[in-house]
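Each structure below appears as structure tokens.
Look at the two complexes coming up: subunit A is in both, with subunit B in one and subunit C in the other.
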Partner chain A sequence: MAEATPIPGGIGQSIGRKEDARFIRGKGNYVDDVNLPGMLFMDVVRSPYAHAKITGLRKDAALKVPGVLAVITGADLAAAKLAWMPTLMSDTQMVLPTDTVMFQGQEVAAVVGVDRYAAADGVAAVEVDYEPLPVVVDPFKALQPDAPVLRTDKGKKDNHIWHWEVGDKAGTEAALKASAVVVTEKLYIPRIHVSSIETCGCVASVDVSGKLTVWMTTQAPHAIRTVFALVSGLPENNIRIISPDIGGGFGGKVPVYPGYVIAVVAALTTGKPVKWIEDRTGNLTADSFARDYHIEAEIGADKNGKVTALRVKTLADHGYTDAAANPSKFPAGLFHIITGSYPFSKAFVEVDAAYTNKPPGGIAYRCSFRVTEAVFAIERLMDNLAHKMNLDPAELRMRNFIPPEAFPYTSALGWTYDSGNYAGALKKAMDTIGYDALRKEQAEKRKRGELMGIGISSFTEIVGAGPSKTFDILGIKMFDSAEVRIHPTGKVIARFGTKSQGQGHETTYAQILAEELGIPVDGISVEEGDTDTAPYGLGTYASRSTPTAGAAAAVAARKIREKGAKIAAHLLEVSPNDIEWKDHKFQVKGVPEKSKTMADVAFAAYTNHPQGMEAGLEAVDYYDPPNMTYPFGSYICVVDIDKETGQVKVRRFVAIDDCGTIINPMIVDGQIHGGLTMGFAPAMLEEIPYDEQGNSRAPSFLEYLLPTAVETPKWETGKTVTPSPHHPLGAKGVGESATVGAPAAIANAVIDALQPYGVTNIDIPISAHKVWRAIHGADAH
Partner chain B sequence: MAIDVEEVATGASPNSARVIHVTVNGVTHRSKVDARLLLVHYLRERLRLTGTHIGCDTAHCGACTVLVDGIPAKSCNLLAVMVDGRSVQTVEGLEAGGKLHPVQEGFTKEHGLQCGYCTPGMMMASVALLAKNPNPTEDEIRRGISGNLCRCTGYVNIVKAIQYAGKKMQEAPKGGA
Partner chain C sequence: MYPPSFDYYAPTSVDEAVRLLDQHQGEAKVLAGGQSLIGMLKLRLAQPGALIDINRIPDLSYVREDATFLRIGAMTRINELHASDAVKARYGVLFDATAEIADPTVRNWGTVGGNAVHGDPGNDLPACFLALDAEYQAQGPKGSRTIAARKFYTDSFTNVLAPNEIVTEIHVPKAAAGSGSAYSKMERKVGDFATAAVAVTVTLAANGSVAKAGIGLTNVGPTALYAAQASDALVGKTGTATDLGTVGDLAAKAASPVADNRGPVDFKQDMIRVWTRRTVTRAIARAKGGS
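Up next, the complex of A and B:
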């Protein structure tokens, strides 16, 4: 039988993106582009101290500045019971302080002026008296008995937030003791920041009826609306959150930041629209950080290198409040994916969280749920095990991988992996890069004293949160949604509960619908981000959009096809049982020339529908995934190191990814390029360190080094396709995979190069100085 | 050439206002501006040309890149008064007569953008690069856009977009914008 003609823009086609037309013309509509009549501007006074008592705060001078209309303080908010707000992890955080500041850069007051210059003048004129308090920046010191207690407001007697553990402690202990080989390593994954090129901000406006509209840089508009309703007491139908075009999110635009709340208060009190746009220093010093995990991990293996057990102890530095963005039941996110691509029979993981005088967060950096931390640890340790056993790291992995026939596979820590072919991906990566030849070259170079390293990372991801029985945020289940309407001429408007920040949802979702409805993609419009019109959903982060809302699109389309079949039967004068959906059309079974297109059926749905049937052609689906999806991949990195300077040069980097069914190969490749770059960045460049007084040492792009096109390696990508058995399209999600997988490959390559020096670890970011010291001895300067 | 007069300086600056004459995308504007008004705010808030974006305030990210007399410049670190008598081109000035500039075409054809926020600045830097070096190597392209940060694309497809535009401009040197 002949292949069906593909529907224009259907699944698997690299069509150009619908959203590009406005972006390449400078006609995007980002929050800072919103301009309302009479709009005021808000700017924020920030604390120069990491921990201090506020002994005085005077507005007078600021209020005399021409153009300044209001100064809002913690005392003002306290009067409305808004000085504090809940975090997504059910901790509390200050909107504005009433007596104590907890980190450098914290919001202390807000100034509203007629424009951004007036507001900035006002900020400079607000007088604040501080009495510095002892500062805690090291989470290990924070847990010492003599450490100053930070959250006395909560009645805390120490800085310990929570302890979380999973697995078989005694069994793991015994299995490690019985193992022929054990490797242990301490790994620090530093504080980093997503630094989307657009910072955070909002425009808040209240109309005469009292309805609040907030244009806001948010990845999760519906959840934000519910939080606003709960915190403010405003009825939810009188709150409209609009997330317009978003200039990059990567997880940093999930939380509710104080600036949003203060701007809303400013709009409610002045009666005028108020815009707040964060500057870069505010963004880098106060918005959610990512990572800051101190990991001690050990793995055991038998004499053949077969892994036996894994034990991990971690200290998480959360800053002054636990404002992580994890599903409620998972305080350490999905960190227990840490058994990775290997069949450990025993595992035990524990995490303790501590308060310090640093900004809150523990959210995303293109991976919200601590998967990067997990993958980094297991993949680093696998390489160390290989080195210790004098085995090739690729060979060690091949000996251990969970085999394709073992799926669905339940890990020692309780995750059921949906599908995988780990050896297939590594084999393809090795073939692509020419692994054996590289090892030969390395051996020759070693003889000459030259430093070349090859690093592997064979990661298992976990995305698509998630099944409602275990996944919720503040009690709201983590389903997502699609509402699909076919209009009389066969054109589609579809709305979703997610929100693109550059991922290309307007195109990808339209392609899913094109395929499922048999309607060319040009006739399908996708809308997101307006809570007044879009169906409720939990938003876009943690690579969940295609696994959840993408699935909802397919299911909604199939619901439409069910009704469509009845209309087609009516038009073709046959029984609905005689209709089948084939080649993107409704056909009479066995009589392909008797058929109706979806456009025919849509027209009839409004003009000639069967008696007794409801008019119209539409469906809504709230998709509750039966399981997470588990994308995977194998990355190989080759580095050359200059012995004299410690400079590391990534010579090649091959990334083989498997995200199941691919909707738009061009977009997926773009996601991987970006993800790899956000894996390279923390491995080699980015860190936000703090000095002992709690001063941020990376408060601008002068110190916080985002990779430019010059530093960024020339990525080589490839695919294998192992569909998810439980997703309606077999798709798994791809946005964060490369960020999760890449850092370990780079670090492993550097450690591999330094084997002649017996080096087992260099903490990321791997600077030339750190490498030089590893070569010349830790005492060298 | 149209003349657009804007008289009223917004804001409450204690600084003295100045009158500037600046040609933006071929249109000459006579504007009264505060001496401290940044060029990027003049473009975005006075002329409502919001395609030029602000990303860092410190001249590192390049989202605000425009061409001043053909030279790429970071408009968040220039005062509006500094372009008095000069000619400024922004992203809105790339498309001419309903025809995309080859750089715009390259960015969409090669998927050189994702969130779109760095894109206008990146495209202006690309236009300037190709004007100076019509047939750049990959390394020359990477160096040429190293004043512009992109967080989404990993630069792979931006390089391809510029190569596409370079080729297209060489094929039809008199065509396009």
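Up next, the complex of A and C:
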């Protein structure tokens, strides 16, 4: 039988993105584009100290600044019981302080003025007296008995937040003892920031009926509405959260920041709409950071290099409050995916969290809940094991990979991987880059004293949170939703509980519906981000949209097809049992010329539906995934190092990704390009260091180094396709694979290059001076 | 990121600008390309009472080579200097540096005079003008004077200009036959200030040895630095490995960097050593007719 004609814009087609018409022309509608009549502007006073007692705060001078209408302080909020708010991890966070500031850059007061200049002048005129207190910057020192206790407000006697562990402690210890080879390494994954190009902000407005509308930079509008309702006591139907176009989220727009809450209070106080748009320094110094994991990892192997056991001890620096955005049951996120692509029979992971005088967090920076940390550790250790055993790192991985026939595979730490072909991806990466020739070149260069390195990362991701039995945020289960309505002329408006921040949902979801409904993609509109209209969902982060809401789209479309079949049967005057969905049409079984399109059926649903049947053609699905999806891939990076200066040049980078069924190859490729760049950035450039007084040493883009197109390597991407057996379309999430997988490949390449010096680790970001030190030693010149 | 209020003036002649500076007694800042000043205003690091915008003064933007000097108008945009045929052919150090200052947008707006005078030790052109032994022509209420670049910088953001003086032109001694120059900038990423950068000018004698040399250093001291001993040591040399070692060591000795996110002190000193060697080699190659 001839291949059916593909539906225009169906699954697998690289169609242009629907949203690009407005984005490319500068016609996006972001929060800062929202302008309401009479709108006021809010700016924030921030603490210059990392830890200080506030001994005085005077508004008078600020209130005298022309155009300043209000100054809001912690005392004002305390009167309304809003000085503190819960974090997503059930810790507590100050909205505004009443007595103590806990990090440099913390919000101390807010000023509302008639324009941005008046508000900024007002900020400069607020007088605050600080009495500096001892500062705790290092999380290891924070846990020492003599450390100043930061959270006395919680009745804490020390700075320890929580301990979390998983796995077989005794079994792992025994297996490590019995291993022929054991490799240990301390790895610091530094504090970094998502630095989306659009900073955070909102416009809060209360109408005469008391309904609050907040246009807001949020990745999770529905969850935010519920949190607002619970914290403020306002009825949930009187709160409308609108996420308009979002200029990048990457996990940084999941939490509720003090600025949002203060702006709402300001709107309620002044009776006028209030806009707050954070500046870059506010964004970099106060909004949630990511990473900041001090990891000590050990792996054991037998004499043939077959891995035996993995033990990981980690200290997490959370700043002054645990404001991570992990699923509630997992305080360290999904860090226990750390056994990676290898069949460790024993594993044990423990994580302790500490308070320090730094901004709260840590959220996921495009890392699928601490998966970057996990992948970085295991992939770095695998390379170190290879070097120690004098084995080729590719060969070591090939000897160890979980084989394709072992799926579904349950890891030592309890995850059930859905599908994979790890050796297939690495083989393809090696063929693409010309691995053997590169190793030959490296050997020749080493003889001449030149430094060239090859690094591999064969990562396993875990995305699509998540099954309701284990995944919730503040008790709300992590399903996601689609509401699909076909209108009389066969055109579709579909709404989702997720919220795109640049991922291309308007296109990807429309393509899923085009394929499942047999309606050309141009006739399908996708809407998200308005809590008054969209079905409830947990939002977009951790690569969950296609695994959850994408699945919901497919399931809702299939529900529509069930009803559609009955209408088609009515139109074709046959029994519904005689109708099959084939070639994107309702056909009478065995009689393909007798068929009805979805458009025919839609028209009938409103004009000629069967007696006794409800009119209309629509369906809603709240999709509870049966399992996570486990995308994977193999990356190979080649670096050349300038021996005299320590400068590292990424010469080549091949990325082979497998995210199962691909909806739009161009969008997936774009996600991977962006993800690789966001993996390169922390590997080579990004970090927020603090000095001993707790001053941020990267409070602007002068010091927080985002890569430009000049530094960014040329990415060579490719794919294998191993569908997920449980996702309705076989798709897995792909938004973060590259961010998760790339850093280890780059770091491994640098360490590989430095083998002549016996180097086993350089902490990322791998700046020139660190490489220079590794080469030249402490007493260089 | 919003500056406090200030008075704004847009004079149309140098005399008028000088008069305004004189009237404001040190409370005014001159706005040229604005690439440093606007940022400082937005961060409220600079809070001048008056801003004197000199962008409407005609005839301050030019690159002319005459019998004695390459004359650069103070308001010449950095990219205009880069586009000059004379610069490309005979002033390699300026050609290199003007390709590496910040990013293309900054180079389109930023001016040669502003970059030279602002006084951030991370500005790239001062080291070039130190190496080239350039002079700055400044105009004040009592007329104009010329100041040697090597005597201009006193500390970070501080120089010998009086509060009522304004730099109008930069004089670079005309490139002699057998001269060559180069600038090397080590940076963490495009747009960053230098981790270390080195400007080198040489003029070769008939026998191929260096007859005259100048070495300037960027961002390894409170101001751009003229490495006098290293420059003198290069005279009479031909650029052998031993020569380069000596000169590199002396240049490193001249540097007084501070530790920051770009690296520790010993690393930065070594980078001056390495980049001095490499840049001297390039300058000599250019003097011999290479590109």
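The criterion applied here is as follows: the second predicted complex is superposed on the first by the 776 of 781 C-alpha atoms of A that agree within 3 Å, B and C clash if a C-alpha of one lies under 4 Å from a C-alpha of the other, contacts with A are read in each partner's own complex, and residues count from 1 in each chain.
Following the convention adopted for this analysis, a contact is a pair of C-beta atoms (placed from the backbone, for glycine too) under 8 Å apart; a residue touches a chain by one contact, two chains touch by 3 or more.
Everything numeric in this text was worked out from a predicted model, so none of it was measured.
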item: Touching partner for A:Asp383 - first (subunit B), second (subunit C), both, neither; value: neither
item: Touching partner for A:Leu676 - first (subunit B), second (subunit C), both, neither; value: first
item: Which superposed partner A:Val710 touches (first subunit B, second subunit C, both, neither); value: both
item: Contacts of A:Met666 with subunit B and subunit C, given as first, second, both or neither; value: first
item: Partner chain in contact with A:Phe250 - subunit B first, subunit C second, else both or neither; value: first
item: Residues of subunit A touched, compared between subunit B and subunit C (which is higher); value: B
item: First, second, both or neither for A:Ala120, with subunit B first and subunit C second; value: second
item: Subunit B versus subunit C as contact partner of A:Ala768, first or second or both or neither; value: second
item: Which superposed partner A:Glu644 touches (first subunit B, second subunit C, both, neither); value: second
item: Subunit B versus subunit C as contact partner of A:Leu685, first or second or both or neither; value: second
item: Intersection of the subunit A residues that touch subunit B with those that touch subunit C; value: 116-117, 121, 279-281, 702, 706, 708, 710
item: Subunit C-touching residues of subunit A, taken from the complex the two chains share; value: 43, 116-117, 119-121, 124, 279-281, 644-647, 685, 689, 697-698, 702-703, 705-708, 710-711, 767-769, 772-773, 776, 780-781
item: Subunit B to subunit A touching residues, read off their complex; value: 10-14, 34, 36-37, 41, 44-45, 48-58, 60-61, 63, 90-92, 94-95, 100, 104, 107-109, 111, 113-120, 123, 138, 141-143, 145-159
item: Subunit B-touching residues of subunit A, taken from the complex the two chains share; value: 16-17, 19-28, 30, 32-33, 35, 65-68, 113-118, 121, 194-199, 245-250, 277, 279-281, 501-504, 666-667, 669-670, 673-678, 700-702, 706, 708-710, 712, 714-715
item: Sites on subunit C touched by subunit A in the complex; value: 1-2, 4-5, 43-44, 103, 186, 188-193, 195, 252, 260-264, 266-267, 269-271, 273-275
